[in-house]
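You will see chain A twice below: alongside chain B first, and alongside chain C after that.
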Partner chain A sequence: MTAVAVPVESGLRPAPTVLKRPEHTVEIVSDSGEGAQKCGQIFGAVSAKMGNGVWTVEIIPAEIQPPPRTAEGASGNRIRFGTGPVTNWGDETNLVIAFNEQVLLGRHLLGTMAGDAIVLLENSWATNSNPDIRAAWDKALAELSAQSYRIIEVPMEEQCLTIDENPRKGKNMFALGLLAYIYDRSLERIEDQIAYAFRKKSEEVFQRNVALMRLGVEWAAANLDFRIDVPTHPPTEALVVMNGNEALGMGALASGMELCAMYPITPATSVSHYLAEVFTKFGGILHQAEDEIAAVGVAIGASYAGKVAFTITSGPGFALKTEFIGLAVMTETPLVVMNVQRGGPSTGLPTKVEQSDLLAALFAEPGDAPRVVIAPATIEECFHSVITARQIAETFRAVVIILSDANLSTGVQPFPRPQLKKEWLAPELDLAPVKEGQRPYEWDARMGTSTRAIPGQPGGMFTVTGLSHDEGSKVAYDAGVHQHSTAMRSRKLAVLQQTLLRPALYGDQDGDLLVVGWGSTKGAIEEAVDRARAEGIRASSVHLTFLSPLQPGLKEIFSRFRKVMTVEINYSDQRGDPFITEENRRRGQLAMLLRAQTLCDVDCWTRVPGEPLRPGLIHKAIRDAALTPGGDQP
Partner chain B sequence: MTSHCAILPVLDDDDREFELDDYEGVTARWCPGCGDHSVLTAVEKLLVAEQLKPEQTVFVSGIGCSSRFPHYLKTYGFHGLHGRALPVATGVKLHRPDLEVFVVMGDGDCCSIGAGHWIHAIRYNIRMVVMLLDNSIYGLTKKQTSPTTPQGFKTNTQPFGSFLPALNPLTTTLGTTNVSFVAQTAEWVPAHLYATLRAAYRHQGFAFVRILQRCPLFTQGMYDEAVRNPGMIELLVHDDGVVAPELDKIYKNRVAHDPSDLDAARRLAEDGGHIRLGLFYRNEARARYDLLRKPPKVTSSERIALLNAELDHYAV
Partner chain C sequence: MQSDERVVAALSAVRPQIALFRFAVSGTLERARATLASESGPSQTRVALGDFAGGRIDPDRFAMVSAGSAPLDVIGRAVVERAAEALESLLRAGDEEFVVDVHPGTSPAAAIRARMTTLGSAFGAATLVELVRRRTYDPVQHGLPFKEHPFEKWTAGERKLAPPVVVRVDGRDLDAFELAPLLDGCVRLVLLVDEPCPPAPLARLVSPGVFVAQAGDMKVVEKVADLDGPAVIAVMKGTEARFVHDPRAGSAIWQRIEVTHMPDTQPRKSLGTRSAWQQRDDLAHLKALVEQPVLPANSADALIAAIGGGNADPAERLTAWLLDQSSRAGVA
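This part shows the complex of A and B:
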C-alpha cells in the first residue's frame, strides 16, 4: 500500500501540519451531474478498505437536474469515517469540498457544517464573465466569511483544463485527489476503485480520470498547509462494503429467490438496478411490471407456482400493493415484500428518510391480515433480513415485510463478509405426488401452518381463493370456519414469537430511561446513549428487529426503567404544542404499538426532518427525558 | 381411469388417459341459463381432447361470477382479486413455463378495473389462453354498468341508460402493440366456442378470446334475436381460422378473412351492426416475453460460487 507521495521539494515549504482526529466527516457537494457522488463513493469505499469505520449518506436534491448553482440543488455525498466503527452519519461536517458557492451556502443554511469546518471551494465563479454570477459569489462569500469556517479557494476548473477541455467532467476526480492527499489515502486502492466505477467505459476514460485525480493530489501537496490523520485499523477479518439496497439485492441472491417483480420508485429502485445486472446469471428474473399492483401480483403468482418470490417498493407503491398482500395472507402464499420507506404522506419526500410506514406495514389491508414485519438496522442486517424473511415466509406460508428506509438504501458501510451457506437457499421444487387425503389448509393447530400442494404435484389439485375457505380450500362462509381459519392465520405469529430472542439491552439493565428504536436509527441512538452515559445519565436503549410479532419480554424490560421513550423518524405531537393534550396527543408509530401491546406509558421523541436523526439531538432528548421527573412504569 | 390416478406410486405419465371426470370439480353454482355453464363445458371438452394433465394445468381468475370458474374444475386454480388475474398468471408462467395457464375474466374484471394489466399482458405475449366472458354487465354485484354495456342499456347505476358507447375489446386488443391472437365467439354456438378455444390453446403466445355471453338475470334478452336468427351472425372463415364445418349449414353469413391480415382484422372488429365470430388475427412471430425471459438453470453450488465472486467486488 503506497501512501501518497508528496511531490514537494523539501525546504521550499514548511511541512504541513498534521491534525490527528479519531474521526472526521466530509461532504462533497456539486450541482447534479458533476459527479460529486462518484467522488464520495470512491472515497468512502477506499476509506473502508484501508481500515476506517465508515458511514456514507447521499445528498440528493429533489429534482433530477435542478437549476445549477442553487442552494437547494446540492448533490453529493457525506462520508463519516473514524478509527473505530461508525454506525451513523453523525452531527456536522468537518470538511466540505464545494464546486460552487451556492451549493455550499445551501449546506451552511441547513446547518450541516461544524463551526470550525474547513471548506475547499472552487473559485472560478469569482471571475466569471457573467456579472450576475460574480455578484452572487460576492454575496454568498460575505455570508460564509462571516462564519468561523476556514475557506480555501481552489482553482479546480483551471487545473482540470490542463487535462480535459470539459472541466465540469473532471472536477470530481480532482476533488478526489484533494481528499486523497489530505487524508493520506492509498492511490493504488483509489485507482482500483476508479477502474471499477468506470468498468463499462474505455481505458482512455479510466486513464484520464486517474490523471485528474493525481493532479488533485499534486495541487493539494503544493498548496495545502495541513493534512488530517484519522488512524486506520486494517481489518482483521474479511469485510465487504456496499449500500443497503445492494445488500438487499445480494440477500435475495443468497436466499435463492428467483423472481423479483417491481415498479420503479425511489428510494427502492436501485435494488432492481443491481439485480438487473446480475440476476439472470443466478437463474433469476427481474420483472418490471406495469404498476405496483401488477408487480406484487406477479410475485404472488410466482410464489404460488413454487418458490418464494419478492417485490420491492416504497410507501406509495406499498399502499397500492396492500389488497394483494391481503390476498397472499388469505391464500397463505409465501411472499417477501421489501419496503424501502421514504418521507410521506403521499409522494412526500421521494429521496429522504422517514419511518412512517410501520403501522401501514402492520395493518394496511382489507380485514385482519396478520403478517410478519422485520426492520434491518444496519447495512449488514439488510443482507441477512432477506434470508430470514424468505425462510419465515416459506415455513409459515406467510407474508414477510422488510422495512428498510432511505437512510439505509444509500448508506454505505463495511461489514463482515457473509459466509454463504447452502441452507440459506430455497429448496428445489418438490413435485412428488401429495399424499392421499391431504387437504390444502389442514392447519396444524400447534403451528397455524399447513402443507400446500403446488401446481405440478399430482393429486393435490385445488383452487386457492381469497374468499373465506375451509381446510379443503372450499369457499365457506360459516361462522365457525371463519373464526377457526382466522385464528390459524394469526397463530403463526404467536408461534413465531416463541422462537424469537428477547432483545438485548444496550447499556445497563435498569435505569432512568430506556430508549426504544427500530430500523436505521440504531447507530445514532446508541451513540447518543453513549454520550448520555458518559455524563452519568442512567440511560440504555433497546432496538427492535421484529415489529410483528414483537420480540418477547418487552413489558418486563420496560418495568426496569423509570421512563420508556421511543426514538423514531415519524411524526408525533410534541408536548406543549398548542392544542396538544395527553388525550389527543398523536404518538410515534412504534410508541403507539408498544403502548397497545404492553400497557406501559411509552413516551416518544420523533422528528421528520427529511434527514437521518443526528446523535447530538437524540442525546439532548435523552438528557431532557432522563433528567425530568415522572414516568414510573407500573 | 379414476380421478385418483395421480397418486398412484410411480406413474409413467404417458400411460395416463384422462376422461371428463378427471377434470370435473364441484357442481357449478351459476344461475340456470348463465352462459358460463356452456364455457365450462367447452373447456372440459378441450381438456379431455388435448389430454392436459390436471396437475400441470392452472386456471387463474379475478373476481366476478365468471371468476368462480376454477372452483368448478379439478385442476389447480387461483381465484384472486377483482381485475388482477393477469399479473398472477404472468407470475405463474414466468416462474413455471412448464405449466398450462388459462385465465378467466369478466368484462368489468378485464376491461375496467384490470384494463391496465390487460393492455400490458397483450404486449408481454406470454403463452396462455385468456377468456373474456363478456356478459356486458357486472353480474356478481348485480347489474351495474360495465365498459361493454351497450349505450342506452339501463342498469342500476345508470337507470336512464348507459351514457357512453360500449368499449370494444376486439379493437382495443388489435390496437395493442405485439398482439398475437384475437378471436371472438359466442357461448350459445358451442361448436364455434369449442373450435375457438382449441385454436387458442394451440396458439404459441397470448391467445385472447372474447366470448359473448348471456346473463339471464341482468341482460335478459340482449342476445335473444341473435340466438333465434343465425342471419344476424357473420362468421369469419379461412382455412387458417376457426374451422367448424358443422356450422356451415346454419350460419350462411360468412366473410372470408385471412387472420394474418391485421388491417382487415381491425376493420372487421369495428361494430358494423353484425355480430362477427371467428379468428380475427394470429401471428406467431411476435416477441414472447416468456421465451425472452427464460433464465438458465443454476445449481446451489453454482449460486454460491457466483455470489462469492460478486462479493469479491465489494471486498475490503
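This part shows the complex of A and C:
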C-alpha cells in the first residue's frame, strides 16, 4: 500500500492519530556516508535520556564503501525502544526511514520489517534523470507495494536542498526531525545531542543541522497523519548511554589500566578511538603497534615491567596473537585480552556479529595454556567486566580473555551510572625489595599461585623465558619439572573455579527445557523464555559469564531439566541435513564444551546470520525443543 | 612568623623541595592505603572485584587466594592504619611545619633536629609499612615511631628526601659546628638571620660537597633547586661577608667559592659563643679559601719541561716523568 503524503491546509487538517505503543523499533537506512547512523545514534540517545529503555544496533554493510543504491549496501541504525527496559534488538521493525528504495528492499528481503511497518521513503529517485534508476525504483516499489507496509513518500532531497545545496548532506538530520515529530521527542534534547555529535565542527555546521532537523519536524507536522506514543519514564537515577566498546574503554580507565596496545580491526577499533581521546588524561598510554603480534607483545612487555596492560582485537587479530598469549601464560604475566568477536573464519564478516571464537579463546595455543575466559552479556557488563578481569589477571598472574562481540560493541544502551571506586584501580606498584631467596615462580604447591616479581624491584630481575622452566625461571627440560610447572599453571584455574558461585537461573529451578547462553544473547534469550513461559512452556535459562573456568554446579542444574539446549551465534550442523548424524554432528561451541565438562546430553540451537539473534526465532526454537518428544537427557 | 616577608619568600624559594617531600609522603600514604585495601578481607575484595563479580565470585574465598601469603594480623593492620593516620596528619599540616623559630640563646641545631624528627615521622611510617608488608615487623624490635623519627636514624635514601627547613635565628646563636652533622643527603637549611651576627658564621661549613652561602636575598636559594647534595644558606641583613660555595662549580675550592663582599672592619667584640678572635679567624679562613694557588713562574716552567713538551698525551707525559723520577723508565 503506497500513500503519498499530501500537504493539507493547517486549519482544515484533522489532528493526527496517536498510536500508543509499549515499544517500537525504528530503522534508518541509507547508503554508506549519508549519515543514517548518526541520525539513529542521536535518536537513540535522546530516547534513552527521556526515559525509554533502548537498545540500538548499527546496520553496517560488510564492505567499507559498498556500491550505492544496492540492497546489500544498507547502512544505518536500528533502535528498539520501549516504556520498560529493552535488552535486545527485538524481532521486526515497525517504522523505517529509507534514503533510497534499494536499501529498503534489502531490509525487506532480510525479513527485518514487520508486516504492517510504516515506511518513510525518499521519493526523488522516482523522477531521477537516469532511466535505469527510475526503472529500479518502479521494480522495487512493485515488490514493496505488494506487501502490507504503509509506504509514505517523502521529498527529503527537495526539502533539504532549501537549506543545503549538497543533496547528499542533511537528509539524516531531516529524518531525525521526522522521528522527533512522530515520537514527540524533546527538541531541546535533540539539539543538545546534535551539538555533542558535531562538537568538533563549527557553529555554522551545528546551526545548519539544527535547521535541517527542524525542517523535518515542520514537514512531518504538516504532512503526517499519525504520531506514535511510546511513554517515557524519566529515570530516577543517573544513567549513562554508551555502546559496548565505549564501555570497555571506560572500564579500562576505571580499573586503572595504564597501557593499551592494539592494532586496528573491526569491530574492536572504536575502543581505541575512545581511548585515544581520553586515555592520556588519566595517565594512560594508547599504543597502536605495527601489527597484531607486536601489539600483544608490547602489552606483555609492559605488564612484565609492572604496568597494567591490555590488548584488544577481533577474531583474525586474536589468531595472530595466539603465540604471544601462550608466552604470557608460560611466563605468568598478567594480561587482559579483549576480543570483540565478528563473523569468521579468516577475515569473515568484519562488521557482523558472531560468537565463534569461544573455543579459540579457550584452546587456541599449542601446548597446554590454561587461561581465564569471561563474557559480558550486556553493555553495562562490558564496563564492569574489565575491573574483574584485571583483578583476576593480577591475583593469579594469568591471561584473562574478555569475549565481547559486534552486537555489544556497536549496540547502545542506557545503564546506571557506575559509582567509581578507588578499590577498582590497580594498587600502586610494589617496588619493595623482593624477599631474600624468593624465586620468580615460587608456586604455592596447593594453589599454583606465586608472588610476582617486578624487574624494577631490588632483587626482582630474572631471566624470563617461554621455555619450560623451574621455580627459579631456569630453563628445565626434565619431565618432573615440566609436569609440575604445567600442573601449577593449570591449578590456578581450579582455585579460581573454587571461588566462583553457581550461576543463577532465569525462571523455574526445574522444567522441560533449560536454555544455556553466553555473551550478548542474554536479553534475547530471556525475552524468548518469557514468551515461552507465557504459553505454559516450562522453560528456564541460565547465562554463563565464566567460560573458563566454568561456574560450579552445572551438571546438577542440568539434571533438573528434561532437556538442555544452548543458544549461540555460531555454527552447528542441523539435524536432518545431508550426511549429518548424531555421531558426526558438529555442535555449537558452548554445547561442545558443556557436553565434555558435564557429560550431559546438551543440545544446541545456533545460527550465523550475521546479525543478533531475534527473540522470536529463539522462542520458536524453545517451543520446538520443549514440545518435541525425544532427545531427553538420560 | 608567617607574616614575616622573609619567611614567605624563603618558603616560596624552597617550594619545589616541599612539594617533593609531600609527594613522597603522599606516595607512602597511598602504599599504606593500598596495603590495607588489598589485604583487608572479603568486604574490600568484594569492592575491588567490581560489580561484574557480584553473585559470581565468592569474595571470602577469593580474598583467601588474593592474600597470597599470610594475611595481615591485627597488630600489622593497626600499625599500617596508624602509619596512614600519621602520614595524613603530615599532609594536612601547612607550610608552618617547615619553619622553625629559634628562641634567642638556644641552639638552632637542636631546634632543627626537633623539627626534622617530627617531619621524619613520615619516613618512620614508610619503614613500618614496608616491614608489615614484608611480614617482618616486630613490635619489640621496631617500635611505633610515628610521632618521631630522629635525623640520626634517617637512612641515606631518607636524607635524600629530607624536607627543607626555614630557620629564623638570632645571629649570635649560629654555630657552624653544631649545624655540620645535619648537612647530609639533600638537606636544605635556609637561615633567616637576625642581627647582630658574626661576619662569617658559615665559613667553617665549606666542604667539597656542601652548598654554603651567606647572602642578602633569596635569589641564591633558587640555585640549589637541582642540587644533588646538602645546602645551608644564611640570608643576612647586615654587613657580614657574602659568599657562595657551589660544589658544582669546580674541583678546586677556589673554583667553587665566590666571595662578593668582605666586611671593612675586623670584629673586636665577642658575639654569642664566638670570641672576637674566632670571628676574625672565620674571616681569615674564608679569605684563604678564595685564594688561588699559584706556582712560582719558573717552577711551573720547570715542571712542564721536566715532563716533556710537545703534543703527547698529558697523562703519558706525566707517567713518563714519574717513572723517570723513580728510575724505572723503560720498565712499563
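The definition used in the following text is that the second predicted complex is superposed on the first by the 619 of 634 C-alpha atoms of A that agree within 3 Å, B and C clash if a C-alpha of one lies under 4 Å from a C-alpha of the other, contacts with A are read in each partner's own complex, and residues count from 1 in each chain.
To be clear about the criterion, a residue touches a chain if its C-beta (ideal position, glycine included) is under 8 Å from a C-beta of that chain, and two chains touch if they have at least 3 such contacts.
Bear in mind the structure is a predicted one, so any value in this text is a computation, not a measurement.
Upon superposition of the two complexes on chain A, no clash is found between chain B and chain C, which fit side by side. After overlaying the two complexes on the shared chain, residue contacts for A:298 are found with chain B alone; chain C is out of touch. Look at A:495: by the touch rule set out above, it reaches chain C but stays clear of chain B.
Of the two partner chains, chain C is the only one that A:395 touches; chain B does not reach it.
With both structures placed on the common chain, the touch criterion links A:84 to neither chain B nor chain C. Note on chain A: of its two partners chain C and chain B, the one contacting more of its residues is B.
In the superposition on chain A, A:430 contacts chain C only, with no contact to chain B. In the superposition on chain A, A:420 contacts chain B only, with no contact to chain C. When both complexes are overlaid on chain A, the residue A:553 reaches neither chain B nor chain C.
In the superposition on chain A, A:231 makes contact with neither chain B nor chain C. For the three-chain overlay built from the shared chain A, the minimum Cα spacing from chain B to chain C equals 5 Å. Applying the stated touch rule to the two superposed structures, the overlap between the chain B and chain C interfaces on chain A comprises residues 418, 422, 435.
The touching residues of chain C, counted against chain A in their complex, run 27, 30-31, 34, 37-38, 44, 47-53, 55-58, 61-62, 65-66, 68-69, 130, 133-134.
The part of chain A that touches chain B in the complex is made up of residues 48-49, 196, 235, 238-242, 246, 250, 253-254, 256, 258-259, 261, 278-285, 287, 289-291, 293-307, 309, 323-324, 327, 331, 414, 417-418, 420, 422, 425, 433-436, 453, 455-467, 474-475.
Chain A makes touch with chain C in their complex at residues 255, 374, 376, 381, 384-385, 387-388, 391, 395-396, 418, 421-424, 427-428, 430, 432, 435, 447, 449, 451, 495-496, 498-501, 503-504, 545-546, 551.
The part of chain B that touches chain A in the complex is made up of residues 4, 6-7, 11, 25-26, 53-60, 63, 70-71, 73-81, 84, 86-96, 98-99, 116-117, 119-120, 293, 295-298, 300-301, 303-304, 306-308, 310-311, 313-316.
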